[in-house]
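Below is one structure, written out as structure tokens; comments come after it.
For reference, chains read A, B, C, D, E and F in written order, and residue numbers begin at 1 within each chain.
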Amino acid sequence: MATLGLVEYDAASAEVRTVYDDIMVTRQTDYVNNFWKALAHDPVTLRRTWESIKQVMAPGALDAVTKELVYLAVSASNQCNYCIASHTAAARRAGMTDAMLFELMAIVGMANESNRLASGYQVEIDERFRS
Amino acid sequence: MATLGLVEYDAASAEVRTVYDDIMVTRQTDYVNNFWKALAHDPVTLRRTWESIKQVMAPGALDAVTKELVYLAVSASNQCNYCIASHTAAARRAGMTDAMLFELMAIVGMANESNRLASGYQVEIDERFRS
Amino acid sequence: MATLGLVEYDAASAEVRTVYDDIMVTRQTDYVNNFWKALAHDPVTLRRTWESIKQVMAPGALDAVTKELVYLAVSASNQCNYCIASHTAAARRAGMTDAMLFELMAIVGMANESNRLASGYQVEIDERFRS
Amino acid sequence: MATLGLVEYDAASAEVRTVYDDIMVTRQTDYVNNFWKALAHDPVTLRRTWESIKQVMAPGALDAVTKELVYLAVSASNQCNYCIASHTAAARRAGMTDAMLFELMAIVGMANESNRLASGYQVEIDERFRS
Amino acid sequence: MATLGLVEYDAASAEVRTVYDDIMVTRQTDYVNNFWKALAHDPVTLRRTWESIKQVMAPGALDAVTKELVYLAVSASNQCNYCIASHTAAARRAGMTDAMLFELMAIVGMANESNRLASGYQVEIDERFRS
Amino acid sequence: MATLGLVEYDAASAEVRTVYDDIMVTRQTDYVNNFWKALAHDPVTLRRTWESIKQVMAPGALDAVTKELVYLAVSASNQCNYCIASHTAAARRAGMTDAMLFELMAIVGMANESNRLASGYQVEIDERFRS
């Protein structure tokens, strides 16, 4: 169970409810996931984290599904179980198909492999890659 | 310098040259970067790694630039300096603009932050995310 | 379950009991947690690890609660579930309030974010920070 | 060199200068370090990251030096070279003595060791640590 | 549960069965573990990953048990719960005794500690180690 | 440069020299590498870390070269540049051939890949691997 438990909507302060409401409106859902309910004991961090993620995940030069793919890729690479579960769901909602998931995980795997080969063999950066 | 130095084309065996040639043809470049030249002392790993990356990075359900973005995201998250340098270059070659780079790095940063908040607060996975 | 199970006090050798006793006396508790019971199959590592942690966690230039906060911060950053659970409890016992936990986790999150931004953008170290 | 180079004050837009000014006022220094100058190509991320760090690092339940110690501990654990260099300087400015640095690094080392022992031996979380 | 569930032998395509059969023959077992059954939704990655692991783990300059020890050491260091569980079993099957496991975990722990001390104190590489 | 610089033998206290002497005798060399010289500002950590590594790396159920291979594997997986450089040298001194290095790095790479595939696909641990 989360360190301090989960703050359900009915038990939440007005300040927390405002964030919950914005999460539900922005994501067009009636569900607030446990991550936010666990953060809600600290309304300052809840608000700051939500505002940051909202800003970062809004479609821009990258579209919504690409952004979710990147989020899932980092979470899988970091082996964060909660984040893998929640962002697999989020990526699917944003349009990730099974075929896209397969290719994503294959890249995450190979990048982790080649990262260690590059570091393990102490490969120096090519002159032309030094920006 | 790389642990065993770099195997330049002129000094390479026929087996290694075949891989180098395929890298250059596949990537439509006349340049083989240091990563491959450092691996070339072990032709078995050179070939296996190249064949794997070639397969994984070929456009499919995800296009070429999305694949490079994911590779760069994982490398940045892992803080692999060589890989960040080489895949920043590769992603640009595949079409990554500065605006895309900005959004990518912003997501990599936020995913790393929220991954630790989720783990640090011991958030349990929502029932609906258990596939 | 732990790879080799847990060595309970009643089943422990004299050598292991000596460590368990010292843990309980040092921490002023009658409880030995699973980490030590899982290590106890290897009394050499049990003793060395305990002696090291005892030395490192003794108040000195940093007081007890600050030391526990740092331990928890590293464990949360590493996403070690066992260590997060046990060191959240230890930090509270040492005086960590909820307000301190909130600020700690907020820093762990931001440090993980900014670490990736610094590495991802290949920021060179400022001349004045080169010691 | 940073991927996109550094944005010096003289070359910065009014928007970026506002952040630089706030950094210098908040930290009571006339120096803006490379991290911010590398981020400044993306003013949105520059502002968001600065506002977040400013909020998170302001003294509260934890004092300034404790906060810097935690930031340095996470950066050392993550092996982010830039962040270790800059936050060693920041922690010293906030009052970290050599004795405090020694104890900090000793804890970072032991936490990383015990994290792997706990995970490597698959130690289950004690019933009493399940919050 | 695995994201897409597990593909059991009876439900597997001929292509997947060929890989399963090769796993069982190579490992001299009648058991295919969940890792492969979870990958099998993506037969391309299943085959590539299996062929790579088969090649990498075949005895050569390093014998079978040494290879399994290294695999387990990396998995413990990465804190991958699934991989720790499955490779503890695999290493034992290959001949790892409890005494070998104890020494392995002790090294994994100390390497993780000293890695952070080296990075945390910004130790420069000795001239003689620059290859 | 190391945060506090390096403590050379001539400038070292008797306490530090005792450790340096033991390092040189144990390793049958007249060279003390930078890691120890950087730690020597904190003689307590210098001694504890050396005594721990000395104990852990002494041949036992695993021989000297296998132990060095594991240490290098963890360091490569963690991407600790200092440790990769120094432990590549140490492993060679202990008998690691190029062929052994190739196989080691290939396993480190594949383990890092399969760790992320197992976590990324949320593979549950097989009943038979639950010890």
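Everything below uses one rule, namely that contacts are C-beta pairs under 8 Å (C-beta built on N, C-alpha and C of every residue); 3 or more make two chains touch, one makes a residue touch a chain.
Keep in mind that what you see is a predicted model, and the values were worked out from it rather than measured.
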{"item": "Touching chain B and also chain F, the following chains", "value": "A, C, D, E"}
{"item": "Chain whose Cα centroid lies at the greatest distance from that of chain F", "value": "A"}
{"item": "Chain whose mean Cα position lies farthest from chain C", "value": "B"}
{"item": "Homomeric contact chain B-chain C: same or different residue positions, threshold half", "value": "same"}
{"item": "Pair in A-B, A-D or B-D that repeats B-F, with over half of contact pairs matching by residue number", "value": "B-D"}
{"item": "Separation of mean Cα positions, chain F and chain A [Å, integer]", "value": "34"}
{"item": "Chain centre separation in whole Å, for chain E relative to chain B (CA means)", "value": "21"}
{"item": "Gap in Å, rounded to a whole number, between the CA centres of chain C and chain A", "value": "27"}
{"item": "Multi-partner residues of chain B (at least 2 other chains)", "value": "1-4, 44-45, 48-49, 52, 77-81, 85, 88, 102, 105-106, 108-110, 112-115, 117, 119, 121-122, 130-131"}
{"item": "Overall pattern in which the protein chains touch one another (line/ring/star/complete/other)", "value": "complete"}
{"item": "Chain B-facing residues of chain C, complex", "value": "76-77, 79, 81, 84-85, 88, 105, 108-110, 112-117, 119-122"}
{"item": "Complex contact set, residues of chain E against chain B", "value": "1-5, 44, 48, 52, 55, 130-131"}
{"item": "Touch list for chain A against partner chain B, complex", "value": "1-4, 31, 33-35, 38-39, 45, 49, 52-53, 56-57, 60-62, 66-67, 69-71, 73-75, 77-78, 80-83, 85-86, 88-89, 97, 99-100, 102-104, 106-108, 110-115, 117-126, 128-131"}
{"item": "List of chain A residues in touch with chain C within their complex", "value": "3-4, 41-42, 44-45, 48-49, 78-80, 131"}
{"item": "Complex contacts: residues of chain A adjacent to chain E", "value": "79, 88, 98, 101-102, 105-106, 109, 122"}
